[in-house]
Amino acid sequence: MSSVQIQQSKAVWESPQFKKRLKKRNAAELRFKYYGLGAVILGLIFVLSLFVSIAVNGFSSFWQTQAQIDIYFDPDTLNADDLAGANYGKLVKQAMYKQFPDVTKRNEKRELSRIISIGASFILQRMVINDPSLIGTTQTLWFPVDDEFDMLYKHDIGRNVESGAPSRLSINQIIWFDQMVDRGSIESRFNKTFFTAGDSREPELAGLRGALTGSFLMILVTLLISFPVGAAGACYLEEFAPRNKLTDLIEININNLAAVPSVVFGLLGLAVFINFFGLPRSVPLVGGLVLSLMTIPTIIIAGRAALRAIPPSIREGALALGASKTQTVMQEVVPLAMPGFLTGTIIGLAQALGETAPLLMIGMVAFIVDIPSGPLDPSTALPVQIFLWADSPERAFLEKTSGVILILLSLLITMNVVAVYLRRKFERRW
Amino acid sequence: MNAWTLTIILLVMSSLFYAVAKKRSLRIAEDIGGIRYLHSAPRYYGVVAAALFAVPALSVLGLWVSVDENIIVRMVLSEFFADMQSADQAEKDWLVSQIQIYAHTGQLLATENAQVLKAAADRYQHLVDQSETLRNASILVLGAVISFVFVLFISAKIRARVIAESIIKLFLLASSLIAIFTTIGIVLSVLFEAILFFQKIPVRDFLFGLEWSPQIAIREDQVGSSGLFGSVPLFTGTLLVAGVAMSVAVPVGLLSAIYLAEYASTKVRSFAKPALEILAGVPTVVYGFFAILVVAPLLRDFGLVLGLDIARESALAAGVVMGIMIIPFVSSLTDDVITALPQSIREASLACGATKSETIKKVVLPAALPGIVGSLLLAVSRAIGETMIVLMAAGLAARLTANPLESVTTVTVQIVTLLVGDQEFDSAKTLAAFALGLTLFVATLLLNVTALYIVRKYSEQYE
Amino acid sequence: MVHLASILRGFLTVLAVMLVSFPIATQADERDYISIVGSSTVYPFATVVAERFGTGTQYPTPIIESTGSGGGLKLFCAGIGVKHPDITNASRRIKQSEVDHCAKNGITGIVEIKFGYDGIVIANSIESGRFSLTRRDVFLALAKDVPSPDGSETLVPNPYNTWKEVNSELPDVAIRVLGPPPTSGTRDAFAELALEGGCKTFKWIKAIKKTDKKHYKSICHGIREDGAWVEAGENDNLIVQKLNADKDSLGVFGFSFLDQNSDQVQGSLVDGVAPEFENIADGSYVISRPLYFYVKSVHIDLIPGIREYVAEFTSDRAWGDDGYLVDKGMIPMPQAERSEFKTAAMNLRTVKLASN
Amino acid sequence: MQTETNVTVEKERIVIHTDTSKFDARKSEVNQNVFIENRMTADNIDVYYSDNHAIKNVSLEIRANEVLAIIGPSGCGKSTFLRCLNRINDIIDSCRITGSIKLDGKEIYSSDFDVVELRARVGMVFQKPNPFPKSIYDNVAYGPRLHSLVSSRAETDEIVYSCLERVGLLSEVSDRIQNSGTELSGGQQQRLCIARAIAVQPDVILMDEPCSALDPIATAKIEDLIDELRSQYSIVIVTHSMQQAARVSQRTAYFNLGELIELGDTSQVFTNPNHQLTEDYITGKFG
């Protein structure tokens, strides 16, 4: 019988129909696999294009075109009685006129003086006030050029004058600028201002320090509030809470809050912290409070996972030695879960650092130049600065925006790497 | 006394009471033959003493700070301006600011009643100073007395550890209750304003109206638009953008999750999974910028090739970028769901002679379906609530359209544009933002709870 | 693991410190910086002045929020004290109703400073053809109700879909104009100068003014809501970007934005005159309006630096013919007007509106 | 030790099957006394998990219509070896196999032997019952549908009902055949899995400790079923229960530390083992 049965069975599997179907099925298998691979590659392309486009646009923001000019600290212009209020712009203009003695027409002179950023006069003002002995001397100094020329030098934007397309730069200005380049008095230098200055209406003077400080203060407030509260909440829910309606309600709330649109948290901040408690607008304290409320659910969820991963044997061991439940949790369980808490906190803070929408609601979108010195000084934050600059008309702000994004992304990546490192370092398999 | 001094005093006092109580418990222990005869370890007595000092002090401080200004103002007003009791709020406020400004700066804002004002301001300042002194004294004394009484009554029988533990537990409970308070806070902060709004605009008009044009005249003499608050165009706009986003995120997210979970080698997986998850960590404002910088021009050029006119601010551009943002949500949630399925089911299918893709399509996906649906609902909720991308890339035109090439506006964009800038809190225009916020909250709440319910039910099945 | 526990302890300590100090610290009702709100048209000028002021003096740089002229005045008039703004920018003159509203809240000393002009341009992308419009075209294309095309003296809902239908000399493209919402001074001025200007050319409508002023206004200032006019928010920069993308659209915004973006957009001729610097300054370009800012005089001694800020704004290097505001696209006032307003500012002359 | 393992590499023996009582009617139409040939042969199989040498040079054959039991202490590689026979080990990345396994003379690890066909012909039942989260009906119909062995609903019904009947499940579940397979009891689930496996009409059925998760009554039912199925299929059963091996198998292979120590007729292995290790294991000295 067997051989016949074998024949039969073989017949089924070796029939041409089956072989054909098999071929089809294997092709489908391969196709499906390639769809998956394609999806992964597409996803990676998205990641790459996002980062590359931002990096390509933003990298040049770390450099600033500067011009070298000889400044004569004219005692006539600098009145010793009012050094702060003197017309420093005039010094710069005079120096420029000296470089181009042919330029005599008033209109042309104005165009010429526009090559140098108005920031030059601020620099001179600071120099003279710090060291009045400079008056009467001549110094060779480097000044940032105006953003239009910065763009011209870096990206050749605005040069197409001859082609008839209008530009904000005149032919004369371009010729003068090129002459300065030929003379070697134009150089691209590291843009220190970008990291040390606050916001500005002049792209070449704008920096991210104000926003960075604002973000830092806000995240500090968030950390100080959300970490203890989140960790405590996680402990309660995982270790102490009885299983009842209230606990269920809390759980649903936490999970829901983690997915509530951030703009709704902005409405909460506006109504509760600003209108009800009367806290001032635009301050990092309020921003931090709002972000805390958003971060706490994240920390609680991560904290509970960390606590759940600790085997009951640890608790049983401590309890068997006569420790109370609270002692067990506080002295044995929590320290073991601490890496999990910290990881959750860092990830939550990284999210908070990138939030924008709720900050718009609580007025953190003003034009603020001064660097905030505390959580009650008005300030913006990095993401808001991105939003503000992204909307600015000056082309130079485009690269500044990408520059801030680069900084923000590298902060976020650092935080996530730290979180991953912590998780790896302290991870235990029970 | 400034804030820091008070803080330091409070901290020092707490530690002092901690030390004193601890020491006293040690003394008592000595008398009765050793620490073992105490109910609790000495430091618990310290903790309780410190807590008994700090908790009442802080509560009173908080209470005081929140009411004292009001009380003082009322006292001053009733003392000097008894005849103003019936005046309207604006007048009172004006008077109060006159008093306060004089008290702070010595500047007189109005000439009438100058003498009375000056006297009132002096009185005000005096009361403020007094209140502060009284406040500081009372919180310190109150805390000290309670704590001191405890220290006096320390005995071997006092169950300090139990008390300390219940204090800790109370703090833990309070922390977990924050979630509920936040939800209540959200509801309350949008509900009142929304109710005010619905008193001006009927709910029916809001929910079913087909035209959205909230720029009603903000002054009587200004002729504005007629102020239509039909939110349907906003919801269709939101759904359109979310729809585009999901049609990008679902195939890419699902397929890549399947590939990474079922096909990819460990090496590929360990590289590609975190790389894709980077997308979840990128701030939304960056996506918004990416949309206007790269995607919108790209789509526009692409559209020109096809002969399509794609608005620079189109639902498509916003949706595509939002889809990119959501990919990791879909993929990592799906990945969780798929990898949670027992391997034995896969083996069973393979052992029947199924190919891998047949196993996935016929066994894995059907089994994981509830979990995947749950995670997709969460992703939809995320898409609906997303603000920055649409704010920067979708535009403001409230249009009732299903064409993703046009520019649309969404609920979140309108909330931001209605609120940013004009903080006046009684016009229907700003109130509309809260009504929208309420609707948005309710909508995402329903989605989230449904999704969580499905996911939880599903995960129970395989535990 | 011990160090992690001590981290927790550290956190709790700092938290305790914050818990105590925050409620007390937030009590301090002090503000040492100037708070400015108001028009988005004035925002670019005010921010430049603020920045120079902040850099050039020992005072902190003022904080400026762009809220639109209407919203700004509303905030400005809400009260006196550190919680309320000190200065509001406006791209139109304050109205009597707003002065009254201010007075109700005790704000009587409002110093008015007019500092320059801004033309309102109707612009499109540089890659499209340049429009030459009359105010009548603008009115017919954008008003909510227009005189019936059959010539009778009745109003019909605006029937025009393309510019060609409005005026056969105009191109055959759909009417789509992006403009600011009613909260913006630009919108007010546009309605008043362009729409009403066109509206008045219909004699019978002009006649209504005498009998029913309100009705006249609602005819001349009402803007259509069927999608041809797109309210593009208060951010004028956004409009420029949109025009760049949508070649057939027109946009309505301030001259300074045209000046800043002259490589991307071009201004349409209005009544035959191009929106250029000289034409606006001499008044031959008809849709131009003055720019103002208003100072709460009682705040001058409350917040340090307000007087100096005003001085900076009204200094020659700012608003003069060669001043930096001109670089940003503002059109300067004649010398006489400048000195008049400078005196007014220095003397804190309170605004007095002629009854109208 | 290597030398002992080679004992199994005998010439292919011709064994005449004498016990015909369990052949069903359909089968007995066929000539009853025929050669029983080897269905599968494994030669010099080595399996590695990363650096771990899990199976060491194992060779054995699986004959038609026999139950071959593989016994041995935990971790000796019995399951691993079993999983090589239908290449289900392929899904483990780190798993590497050398040697040769033939099904009806055809090398299953060669590239022209399709793994889908192999698995269709070599079915498998797992340690833990693993019905799909589908209806009982769909569970059984899964394989036939997959391979298009059925073309109509009636054919599917026929296969499903006959397979359920075969495993003795039909009477128990006839009223809830559309209910989920996961709702059944453990023993029923395992019989469902067997039904699912035989629905594909395989040549060989691999069983990986099929009763280890079951109670004695369910186990007895499965054992009876195995004995019955032998009439039609070759069955390889891995078990840690020596009693079970003695009850159901004709031949027994004893594995230890990845090596095949002894292979022979079950009665011989249990009564008179050739190897000391086997004896120690069977008498309970270790294991």
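Letters A, B, C and D mark the chains as written, and numbering starts fresh at 1 in each.
Keep in mind that, in the parts below, a residue touches a chain if its C-beta (ideal position, glycine included) is under 8 Å from a C-beta of that chain, and two chains touch if they have at least 3 such contacts.
Since this is a predicted model, take the numbers as computed values, not measurements.
*Asks:* In terms of C-beta pairs in contact, which of B-D and A-B ranks higher?
*Replies:* A-B
*Asks:* Compute the distance, rounded to whole Å, between the mean C-alpha positions of chain B and chain D.
*Replies:* Chain centres of chain B and chain D, defined by C-alpha means, are spaced 59 Å apart.
*Asks:* Any idea how many Å lie between the Cα centroids of chain C and chain D?
*Replies:* The mean C-alpha positions of chain C and chain D differ by 85 Å.
*Asks:* Mind checking the centre-to-centre distance between chain A and chain B? Centres are C-alpha means, answer in whole Å.
*Replies:* Using C-alpha averages as centres, the distance is 21 Å.
*Asks:* With centres defined as the mean C-alpha position, give me the chain A-chain C separation in Å.
*Replies:* 31
*Asks:* Hey, what residues on chain D touch two or more of the other chains?
*Replies:* As it turns out, chain D has residues touching two or more other chains at 116-117, 120-121, 147.
*Asks:* What positions in chain A touch 2 or more of the other chains?
*Replies:* Answer for chain A, listing residues that touch two or more other chains: 25-26, 228, 231, 363, 365.
*Asks:* Show the residues in chain B shared as contacts by 2 or more other chains, in ascending order.
*Replies:* 292, 355, 358, 423, in rising order.
*Asks:* Chain touch graph shape: choose line, ring, star, complete or other and state it.
*Replies:* Basically it's none of the tidy shapes, so other.
*Asks:* Touching pairs of chains, all of them, please.
*Replies:* Here the touching pairs of chains are A-B, A-C, A-D, B-C, B-D.
*Asks:* Can you list the chain D residues touching chain A in their complex?
*Replies:* 23, 27-32, 34-37, 39, 64-65, 104, 114, 116-117, 120-121, 147-149, 201, 203, 232
*Asks:* If we count contacts the way the header does, which residues on chain A are in touch with chain D in the complex?
*Replies:* Answer in residue numbers: 1-6, 9-10, 12-13, 17-18, 21-22, 25-26.
*Asks:* Quick one: which bits of chain C touch chain A in the complex? Just the residue numbers, please.
*Replies:* For chain C paired with chain A, touching residues are 1-2, 4-5, 7-8, 11-12, 14-15, 18, 22, 25-26, 33, 43-44, 47-48, 50-52, 54-58, 60-61, 63-66, 83, 126, 235, 237-238, 240, 257, 260-263, 317, 322, 324, 327-328.
*Asks:* Please name which positions on chain A make contact with chain C in the complex.
*Replies:* Touch residues, chain A against chain C: 84-85, 87, 89, 110, 114, 118, 122, 125, 158, 165-168, 198, 200-202, 221, 224-225, 227-228, 231, 278-280, 282, 285, 334-336, 338-339, 342, 363, 365-370, 376, 378, 391-394.
*Asks:* Which part of chain B faces chain A closely enough to touch in the complex?
*Replies:* Its residues touching chain A are 161, 165, 168-169, 171-180, 182-183, 185-186, 188-190, 193, 251-256, 258-260, 262-264, 272, 275-276, 278-279, 281-290, 292-294, 324, 327, 331, 355-358, 360-361, 378, 381-382, 384-388, 391-392, 412, 415-416, 419-420, 423, 425, 433-434, 437, 440-441, 444-445, 448-449, 452.
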